[in-house]
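Take a look at the structures below.
Common to both upcoming complexes is subunit A, partnered first by subunit B, then by subunit C.
Our next item is the complex of A and B:
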């Protein structure tokens, strides 16, 4: 029963990640990231309940605070300062992106199916975490809006967190605390950078950054 | 009660109960919009009215135009013989075909409807049939992947075997099972002309898909086409409910009598009501998508089906 609930949550995690791949507007990217983080926190709580690792409850609470409240707040503030654009521009259309994301998760599942056995993790959860990392990288590569790329980075981080949950559920909460602090600082710095870039070139489209060359 | 009689009951039930589903959805949608809405039996009245009227045939149309309504009417009834509508055990004709052939038979009905619409020579009917072909083409990969995934679990494509396997304790709550079911629901919504792919209550010809195919039909043939469409949706929902997700409330082996058959029919209608409520929520909250965004919608359903299949491998349920 716990195993099935775990698999259900992991499937939801992957779907939330793909929500950001299929998103049109910035609000959908941020919403997909929030959904991802909520599912991740629920996953941590479920693992804490089943394995008795109390640290995971703290980790889940910190995840909720940082990734569901603070980071989206900062992202929304940054997005609000940017000019209103119709959707996020991308180097690949949405159907092609979705197909690419399917391909990446197939790759991740194939790659981890043998690896997971040797490290003693659930093949499914390991595969989900690797596909999140790959999809995050994919978002950074093909999306041309800075905030969308930032969501890609955060997706990669969530993927590694999911991997930690799968591989080492008994890790102390201090580690995750440090990582979350890092993430928060990164988001703030990126947010500042985006605002500054926007002042220079009046766009958040990364393709326009070439204009900055002297 | 003989097995053939039970089979006849299944087909008759599909025939009689199918107009109820759009009736209930329409009424519920009106209630959500703070209106009273037509009676849930309005589709029956429409069919009865149309059946009493004569038909007009376009001058330049061929026999295809006249054959299409019958094909649209008969094909869902043929599929109703293959799937568990009321009984949980296979009936005599159930082994004529598996789920794949059921899909192809439904596809044949839809294809002939499109050809009949093209044959009428009407501009809007031609546009509608070309659009509905696009939707069907895009939905095809998802249907095949769902069938493929289900076959991985059940090692069979006969619906009566599949539903027994999927209702087992390990598969019932597995993530891949529900992703496949979700993918199929999205395809069913697309194939039966529901929001977000097509708006069934639209009166604007340029945006219609399903409805514009029947523009040149009138009277009895229009009734056959509409009834066929309703049965098609009913059969598809029955596959979703009784084969893929909640195959409960069916008549168990050796317990067939008039009473148990009626109970099974009531159970199926109850499950349909739940899906109808979900459809009402979708249609009241989501707007119809632009036609060129339909590949995105069906892409998501393909994605769900693919993930369900991959997850079946990854979690080891597809042994």
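Our next item is the complex of A and C:
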């Protein structure tokens, strides 16, 4: 029963990630990230209920506070300050992006199936986690909007978090807290930098940032 | 250790609020005090082996001591240099009033935060906290890179933080995998204390450790200037103010390499050396080749120095792959020598930049006549970086080649030797064009700021001394560091 619920949530996590890949408007990127984080918090609560580890509830609460409330708020504020551009430009079209992302997931699942057995974890969890890391990396490389790239970065981190939940659920929550704090600071700082850049070059398109090479 | 970190934290907070002059004096005093703490720490490590403080959160062995010393020494030199450099730089840009003064206070505050984060990396025993500190170092240095606020500086800062964060995200995945690999030996809930993991290292899950090491090497390798993840580095190093370039290039890459060495030590016993050495050798050779290639065709002298970091860190990585006590000893010696030579070169080139107001090699000539001391320091730094005897990097590079010959990796040894020869010609050739000849008539002659010269003298004399003679305590410390990471025995 719990196992089924767990697998459902993990499938939902992957779908939420694909949602960001298929997104066109910035709001959808942020929405996809929120969905990911909500599912992650639910996963943590479910694991807490099934294993009786109370600290996972703390982790879930921290996730909700930081990733569902604070980070999206900052992202929206940064996005609001940027000029209204018609959607996020990309080096790869949306259908091709989704295909590529699915390809990356398949790769991740194939690559982790034997490894997962050796630690006695569910092959699925490990695969979902690595898929998210790869898809996040993919978003950063092909999307040209700064906020979209930031969401890619957050997706990578969420993927790692999903992995620790599945493989090492009893990791001390202090570390989790430090990591969340770090991410929060990172988002604030990068948001600040984005607004500075915007004031200087009047665009959020990273293709404009191509002066330094060689 | 606690004292060292406390000084750095207080200095960081204080610098944001006190007037600029106080911040300047405070910065110099604080970094010198940190250096004293680092020296005292090293003596303690030599006397008693390992020191643990604060319940496993802090610990120091030979390797920590070496890296802390590097950070403190270059940090103090950069602090002294900064005061003179920033004052003159701001005066020339007509930015010595109002908000610009606040900017300078912020500079010193971030400077201390940056140093603090790097001290935490080398002094913590907790691998999770180590990750947090490396990320914090990136964030603290971000606005130091973009300090000038120009379009290029902002572009460099964006690349720096984006590429760096991707690296750091991969390193986080790697760290989580290391935790997973330890569950079998340490139970499902444990603190990721390096010492404890090292004790059970042979019982970690080998296949997971190998995968983790791939993530960690790519992740921390991004910070440690390994190709092909080095793309942010030449931009950030060349756009940042010169003292920051010295810290980024001399210390941050060293600290990142330190993190890799820590994981190397706990990964080798379970994952075996073969796979790990192939990875280190591959990234090392690629960095060496890329670094050499770009050094060869560089027309901007700060970028030239930045690419030389890629090449140098490639060498360090290769030295670790060659392994054995000799290879590891050479790797650590190379890190020390590189930190000194690179910061010297960046300090000296900063003075050149102040006078000539250009970073183009072709527009600078006769620097030895225009600024005799800084010019001489630049020459010294260039010779040292290119591995010429009798300077700091010569003995370590000989040791690297010897270690390679000992394990019989001839093709790698040949590539190393060829690259070293090319780099020698490229660096010395390029910088000689800047140093000799007659300075253009419109360039104001005269030395750089006096405080900057003090830094140059300090770093330069240290570099000269290490070239001909490695003091006994330092030698013991490096040996202790080699022993701490397993001495290369699998």
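FYI, the second predicted complex is superposed on the first by the 210 of 214 C-alpha atoms of A that agree within 3 Å, B and C clash if a C-alpha of one lies under 4 Å from a C-alpha of the other, contacts with A are read in each partner's own complex, and residues count from 1 in each chain.
Here is the rule we go by: contacts are C-beta pairs under 8 Å (C-beta built on N, C-alpha and C of every residue); 3 or more make two chains touch, one makes a residue touch a chain.
All of these numbers come straight from a predicted model, not from anything done at the bench.
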Check whether A:175 is in contact with subunit B, with subunit C, with both or with neither, and answer first, second, both or neither. second
State whether A:102 touches subunit B only (first), subunit C only (second), both chains, or neither. first
Output check: A:185 vs subunit B and subunit C. Expected answer is one of first, second, both, neither. What do you get? second
Considering only the touch criterion stated at the top, classify A:18 as touching first (subunit B), second (subunit C), both, or neither. first
Of the two partner chains, subunit B (first) and subunit C (second), which one does A:72 touch, if any: first, second, both, or neither? neither
Who wins on subunit A residues touched, subunit B or subunit C? C
Please give the residue numbers of subunit A that touch subunit B in the complex, ascending. 1, 4-5, 7-8, 10-12, 14-15, 18, 22, 94-95, 98-99, 101-102, 105-106, 109, 113, 122-124, 127
Tell me, which parts of subunit A touch subunit C in their complex? 114-115, 118-119, 121, 133, 136-137, 140, 146, 149, 153, 156-157, 159-160, 163-164, 167-172, 175, 178-179, 181-182, 185-186, 189-190, 193-194, 196-197, 200-201, 206, 209, 211-212, 214
Which part of subunit B faces subunit A closely enough to touch in the complex? 170, 173-176, 178-179, 295-296, 299-300, 302-304, 306-307, 310-311, 313-316
Within their complex, state which residues of subunit C touch subunit A. 126, 128-129, 131-132, 135-136, 139, 142-143, 146, 149-152, 154-159, 161-162, 165-166, 169-170, 172-173, 176-177, 179-181, 183-184, 188-192, 205, 207-208, 211, 234-235, 238-239, 294, 297-298, 303
